[in-house]
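Consider the two complexes below, in which chain A is the common component and chain B and chain C are the respective partners.
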Partner chain A sequence: MSTDASHEVRPVADSATGRAPGTIHEAGGQPGHKGGPRRKGLSERNRPLWMLIPGGVLMVIIIVLPLLLGIYMSVLNLDQYTLRKWVSAPFIGVENFVEAVTGSPLLHAVWLSVSYSLLAMVVTLPLGIAAAVATQNAFKGRAVIRSIFLIPYVLPSFVVATVWRTMLRPGGIVDGALGSVGIHTGLWLNGPQTFWTLVLVQIWASWPFIYLLALSGLQSVDHEVHEASALDGALWWNKLRYVVFPYLKGPLALAFLIGMLHHINNFTLPFVLFGVPAPADVEVLPILTYVTSFQSFRFGLSAAMAFVSLVLVAIPLFVYLRAVKLDDAETPGAKK
Partner chain B sequence: MSTTTAKRQGTPTSEVDRPGSHRQHEVLRLLPAPLLIIVLVFLGALVLIPVLYIFLASVNSDIGVANGEFWPSTVTFENYSKIWTSVGLANGLANSILVAGATAVVSAALSVSTAFVLVRYTFRGRLTILRGLLALQSVPGTLMVLPVFVLFSSAATYLGIQVIGTQWGLFVTYLTFAMPFSTWVMVTYLRGLPKELEEAAKIDGASNLGVLFRIVLPLSWPGIVVSGIFAFLLGWNDVLFASVMTRPESQTAAVALQIFGASQEGGAIPFYGQLMAAALVCAAPVVILYLIFQRYLVGGLTAGGVK
Partner chain C sequence: MRFKSTTGLAAIVTVAALALTGCGSSSGNGGGSASSDGKVDGAGKTLSVLVNVSSQYPEQQKQWQSDIAAKFKTETGADVKFETFASANDELTRIQTSVVSGQGPDVYSLGTTFTPTAFSTKAFVTLTDDDWKKVGGKDRFNPAALGISGPDKDHQVGIPFVSRPFVMAYNKDLLAAAGIDKPATTWDELAAQAKKMTKGDTYGLATGYKDSFDPWKFIWAMSVQAGNPLVDGSKLKMDDPAVKKAYETYFGWLTNDKIVDPASVGWSNSNAVAAFASGKAGYLMMTTATSIPTLDKSAIAGKYAYTLMPTVAPGETQSKSDGDAASILSGDNLVVADYSKQQDLAFAYIKLITSKDEQLNYQKTFGDLPANAEALASLTDPKLKPMADAAAKSKATPFTGAWGDIQLALLNVTVQSVPDLAAGKVDESALDQRIKDAQNKGQASLDRASKG
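Take a look at the complex of A and B:
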């Protein structure tokens, strides 16, 4: 469930502990694979597949069924009057989709969602990398600093949003601080500036995620590499640019995809920060879908919008699933 | 696997970190000292100023916070005695702990057995399930909330089971949405366990269940705790489903805080001090869990993300 961006962390697949022979064989994997018939027999006979049933039943009832139901609802004329007997609601084909595209702020919402996600990502990447680079080497108090850096990430989204809402309120602490140095900004929680408020708070909440993944990338840099660049007398900037950063490409690409998914799906932050109905400039896709359902009671239309958001999420998700390795490395002698 | 990998990565070759080995330190240095300090101070301030503000505002009077004070002019702890009824936090926290706690326990139990099958046995559709575990985590909550709501109301209409407005509805929903991630955490963890023990137990005649309970469970407590905590956090942090599917008496802390926060704008004397105190109380269990299990949690997050 992706209602809450900052806490849901995706595991990053592709485990590096490829155990050598003896890992599970994928059904339909290459026959004649090293691993030995004995082990193969062990894992194929007497499988307790029934253990998958509880989870499977839950998935079907609470995810698959509603997903299909949602798609079905998007072709119905469903409002507060027809919802009770939704089975017999009038079928109207693609009308909801047509209305969503032509007669609702859907396209604007898609644009807002994508641009806000990208903007937040563009700023969090350098912040996270800088933090990782700064805390990679041991120094006194590093453990404390690392814990501090993760605070925004650990705080629940609804707490982060509540606190920022209080700080950014007219006459609040932020206005006071900026005013004392002579900067007078307009409203943060209303009007056109709200878009930037959302971007800023999202940045505050999600840079530690980039930091975590960048840190794990840095730790994979071999010691020899450090020694080699020290021997060459590389300047710190050149060392970072040409020696260290290449190691970060993989983790950061992953962080980028997952972060984008989080931002696009984030409902809690804009919802708690601005309330509903939200200002037009922060009516991102999750908020628009929610408002159309539970404020305007246009359930069919909302289902059509939700379908669009699924398509939008599917793009980074597809790339992510392609990039991720699901199974252990099956190659014998895989790097331990 | 999560923890072992993290541990391995977390302690970059011990001889390097040995205090006093100045030369080694120079070799590993990534940033010149002044720049390092600038980065640390900037990011530290970025995080700590808002955090400090929550603390200070929570012991400030409502009027003091409303006037935009950073340092309280009068320090008072009465916010902390008021919020239990004014915000409805007593009720909200009880519901949150009940729902998120039950989600954590059941989700951890189910994900261990599911992951056990996925890691140790081969069957048709196994890869599809693994891929599904990853994909399901990205399904937008806003896509699911309406159909799930309709499904639950239909359960009341057609089956006579009242789900909406009860803690059961939330529990089942959170459990389902927590399962993919919890299972994935367990899958990565169980992969790191040696298989030989289980094989030996089987040769001695242990059943599948016997292997799971006697061998796998005792070895995988760190993984189970991490997977349970993530499930707990999902329930604790959710606003979307809770705002739609609860009544005032079954409200979670997140919804109570959100409603209280949203209702302050119109009031004559906004209760901002109480709001901050309540926010702090809602954050406390999460932060405490994180501090206790920090090593395991961070390992669970980044495990395997490297290669």
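Take a look at the complex of A and C:
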């Protein structure tokens, strides 16, 4: 697998050097290098780093600058009264941070965000894997099933949330259906149960993502591996457990990571489902930050909240990234 | 290579920066100057106006815009470009970016309750006597409509455009069947009448507890009518017994009186309109002239009428507010951006659309009441009579930059109480706690407002 990956990279590098030979000559000043063996084409010096520029510039403009701006805002007393001349808004140091942590529901919001994301993730993982395994082997109607599985994933979040909100209304379809079999659940869109509503809808909307990545992992299992395990007489569970799952480690680690980040950052779902002000049990991070910014106009405070949550999310993320060594994700099954 | 890429990067950054500043400096092209006869010469200029999109009458709105643009062109020689926003959030975002960047539309249409917040950003023109003359004089407007244009008479940013006062509708047949000869004028009477009409799946009142605005309007109204306008200088008075009484009354319709459909804990205003339109409710609370088209096409067409909402607080026998508070002062104000380089042109536009004829024309098309006093007085449609009454008896919500937060806090008490409501009982201590939280939040916001 790893050799495959480098094969893919090489033509790109070659075409890059091919397109701009003059540049290489002037800057690198190493004649004769081009005619050298292919292996050397990937030396440090000739990496087409300039190709990072377009993406890099966009990153700087779209992510880094706003991030720095956000950090700057978080030390200003920036609200509707000072917005006009925001650059000269009064500097108040860490006051926003102190208020965010001690005087606002920020920590509660972090707890809600993380716990809801984890719960949704823990449920969607087996769902996605099971669906991927079930549709791995060809059978009649597989294409249809696979397409149906993807519906929740391709629907815009806004649509998902609107449809669920309509279904979960008091006296709506869900209450009607459950009521007809004698289950009376109470409110879905207000009160303590809202947390579970959010988890439920998030699961519905995001399990196909896990399914997709698990499927891609399964596709990468070489045919020979299946044959070999069949020859060894491995039963289906053993085969899954010891042969197939190791291949899924990489894609699923990636899915877990992206999924968690996506859930934690999900604004549309809770916003459309519950509206603002949100019931206290679903006042997740994005909602809290939004309300602080755009309903109360406390831009400084909300910037501080956003920054605190960025740090809180970044720490486990960093540890996790180190632990799974995501760089190796394209070599599934390499560590056995 | 390394050197090259650094210069390349620098070049791209520079280009990007230039492009960004390029966008920034494209506005501002002289202002339409007023000549001696008061006419504004705007030839070759374009006025940019931000208005909310009318979801109810999209076609008519486009037509109206192109008609007005043509008239404005004949009058001043300038073009008008309309930009629309779909929701309050959209509008906020537009205003925020404009305020920060100092560019954007010249004229904004703002909801009345948002005017204090807009005022607090200091990004809009505070009208001088001279400015008022340019829009046709202050006395052309319904005096009540000016109530939320600014903190006092000398500092006003909002020019009233239309009024959208809140009234209630009642089902004449249901009232008559219950032996009620005229609609209630106090909240206590309202509950008593509603009880008489509640039978089977027909309820006395239709209202939505999950609406994003209605709940705070009830609480505000009942509290003002009990003599507590919520904000007293720099003090928030949500911990006043009148506020608690208001919540208890409002929630009590569901929990004690049982005069509203239990499903209304999940309703917004439009669900309540639908319930009323199907003939299943005696009163439709907190509605405006915009419900006319829906109701006229419904099962109860011709069987309903509008009237003022009660003006006497629960448990009282007469209003304790100075002047009846039949409705919040509701509608749209126009404000002119102070970064605008064509303010005279903006005033000329406002003068045009607040003239008697244009206001009547607008009323016919969209149903919103004129802010122009003469136009308002000339309305003859009996259906509009109670609305005009309510417009005159409207009372402005407190003029403070903290109002947005206070409104949110008021609403939040209801949002967090909905589970209790659904269960049929709002626990008193829980309610006390929620009101206390709201008081603290709102007070903190007021404190910042008085510093700001």
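Just so it is clear, the second predicted complex is superposed on the first by the 249 of 336 C-alpha atoms of A that agree within 3 Å, B and C clash if a C-alpha of one lies under 4 Å from a C-alpha of the other, contacts with A are read in each partner's own complex, and residues count from 1 in each chain.
Just so we're on the same page, contacts are C-beta pairs under 8 Å (C-beta built on N, C-alpha and C of every residue); 3 or more make two chains touch, one makes a residue touch a chain.
The structure displayed is predicted, hence computed values, not measured ones.
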* Now for A:N190: first (chain B), second (chain C), both, or neither, which partner does it touch? -> second
* To do: Scan A:Y320 for contacts with chain B and chain C and give back first, second, both or neither.
  => first
* **Touched partner set for A:L155, first chain B, second chain C, both or neither** => first
* Asked: Hey, is it chain B or chain C that touches more of chain A?
  -> B
* Answer with first, second, both or neither: which of chain B and chain C does A:G259 touch in the superposed model? => neither
* To do: Answer with first, second, both or neither: which of chain B and chain C does A:F297 touch in the superposed model?
  => second
* **Which of chain B and chain C A:P270 touches, first, second, both or neither** => neither
* For A:D79, select first, second, both or neither according to whether it touches chain B, chain C, the two together, or no partner. => second
* Check whether A:A134 is in contact with chain B, with chain C, with both or with neither, and answer first, second, both or neither. => first
* Check the residue A:A280 against both partner chains and state whether it touches chain B (first), chain C (second), both, or neither. => second
* **Shared contact residues on chain A - chain B and chain C** => 23-24, 26-28, 49, 54, 61, 83-84, 86, 169, 171-172, 275, 294
* Structure fact -> chain A residues touching chain C in their complex are 23-24, 26-28, 45, 49-50, 53-54, 56-57, 60-61, 79-84, 86, 169-172, 186-187, 189-192, 275-280, 291, 294-297
* To do: State the interface residues of chain C toward chain A in the complex, per the touch definition above.
  => 1-5, 8-9, 12-13, 16, 89, 92-93, 96, 99-100, 117, 120-123, 210, 212, 262-263, 265-266, 401, 404-405, 408, 411-412, 415-416, 418-419, 422-423, 445, 448-449, 451-452
